[in-house]
């Protein structure tokens, strides 16, 4: 299972969480990556943790102000990027362009989608993986694996054999991670469960413990 | 005069240009700032040059994925931000929110506008400065001070006494900078003239030489 | 006082409400306009009521698909348009372009803003009027004149002498309209109070009765 | 073959072209539909021609200002809608919501896409048809069937058996229509070729003549 921890714009200590995540990944052998603010990719990557961008723009080098050039995130230390998170929904053509930009720069991609129909759509654009996150469950603490397990199994079907599915929204315990795996997910997309925890190490260890 | 150099998504060596800019600023006493990719704010700021963001989002800490939190750019070393560049035009309410976010985080703001009417509008939102950049001149090498000097003087009038005006679009020589100053501008917004120059040091020195 | 009734995408009988509004306007001499769905401008205008668009695009004739050309709304019978409603916030440059497009086509403009600062900004773009609508009050039934009367008086100051201010958000009774007038507003922007009323005629008559 | 004529924001006489199209459709038995400005759906539909919207919003009835409610276009006489035209690109989630809104209101859907990859993505969202329009060919007069016929055949493959493909961009002659049909397209999306013709009847008759 791949554990991708999205720090969003939370008031958290990104470098501290990254250090913890690097430790837990080392100790357990579980693949864990951290997606901090773009401005903090460099210090997060310096901890040795696998570092992801939360978004890259579907642009090439050129006259683009205020965009996130995939190559710049790579130079800062990123090795992957989320795209089309429900808090940063993109136009279809820009998801396509963003995946192309990420591939060009050498970034792995996880593209988010709200439902199995959109998972199928996104999988057609050839990302490395998709993440299914029903918007109504984000930040609730109720995992999709409990609220509506068919969304996960239908998404695994919709993505097809070549595109792994991550399960997002409401994942906060090791049991949630196991449930996601049982439904066919090959990873989880986490956020507040760890980023807002009083003890991120304990939260993260509890999450990966069953793996 | 304030010289604000926007590196956009150009295929340039941001740290190298930043080092040059820090030197030229030291040698000449001219205020020079560099606005790199968000992911490169940290290494650029480490050169000692004044470092700006190209954009920040009008958000507070919280559940926002793929946004640029003002505080994160400050932690990386930024002390100011562009907003509403013509390559990243914002909704009016988001310019307002972006200025509030920047003030909260301690970032200086330069808000871009296309014409004197929009300069007046933007000045009402109480930024630290506005930059007037007729979109049709961006990247042309023809400075607005030559193409249509009234746009600059009208913008200075429109901004009012409390809001300084920077002059953008097509500035590439020391003569252009002097012309902008003569029309009442208190700074210039540069991009390709230096960022794409074969010898950025020579280009920057030539620009600030008359000051 | 100008009463501008925004029918939004409510499940209402636009033509019936328009007929009522035309009658009430005739009977009372109060200026009342109706802003229906763009597709229903023509049948609403045929009732004789003053008809407004809810939005027009800042475009000229040309290759633009899915935009709302100002001239097309005029041909259908519109004589004015809202712009930048908080449910359709626009980029600053597009508010400017939208006002230009409306003037070109002969449409009156009311541009919405969230607070006095944005009212000042919008007034700089020379619309025919501005409407101040604090987003947190929209649809609440609590009028801004009660919740925070200073927002109205500050907006009247911010708009300047030449640009009249309409008061929106939460207006539903004649008392609310009178209170808005007392604070310096020259009109009101209404929506659910009339559009969702069981008896739109009674609701509208009660609203304009004190005028 | 289905001939769908997008009038965009062209300075054309929509009702006149609609009358011509209704005649030509009657005379030839070819299915022809007209997509005018939303404000002109009603008068265009009154000519008896099949009438389409250029766009509908992915909303339900409610507090939405400046959106295009699918039901309002149906009341005005529309029976179908374009979605995601390259001049009105939508977020993936909004294409999904737009198709749902159209189905709910009884509108047929043709969703545009730039390339075969996006055609596959869009087809996953279960529209009635997709239209492939390489953005670089729009308005050029060079049909995709000539410039790059593989884009059409690949799109037909990508759409799958259940979703017919329309061919857009650069179609202006009967030969272009025949070429599109030979490549597997079941319709064409037209714009300037007819809308800007001096003699729209002659242009349209020439187009459908080989069918």
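First chain written, first letter: the chains are A, B, C and D, and each begins at residue 1.
Just so we're on the same page, a residue touches a chain if its C-beta (ideal position, glycine included) is under 8 Å from a C-beta of that chain, and two chains touch if they have at least 3 such contacts.
Owing to the predicted nature of the structure, the values given are computational and were not obtained by experimental measurement.
Here the chain-to-chain distance from chain A to chain C, counted in touching steps, is 2. Copies chain B and chain C of the same chain sequence form an interface built mainly from equivalent positions, shared numbers / all numbers used being over half. Overlaying the C-alpha trace of chain A on that of chain D calls for a turn of 180°, given as a multiple of 5. If you average the CA atoms of chain B and of chain C, the two centres end up 37 Å from each other. Between the Cα centres of chain A and chain B there is a gap of 33 Å. Within chain D, the positions touching two or more other chains are listed as 86.
Arrangement of the chains shown, judged by which pairs touch: one closed cycle in which each chain has exactly two touching partners.
Under the contact rule defined at the top, the touching pairs of chains are A-B, A-D, B-C, C-D.
Per the touch definition, chain B reaches chain C in the complex via residues 84, 86, 89-96, 113-115, 117-118, 120-126, 158. Every residue of chain D that touches chain C in the complex is listed here, in rising order: 6, 8-11, 36-43, 53-55, 59-69, 72-73, 75-76, 78, 82, 85-88, 138-139, 191-192.
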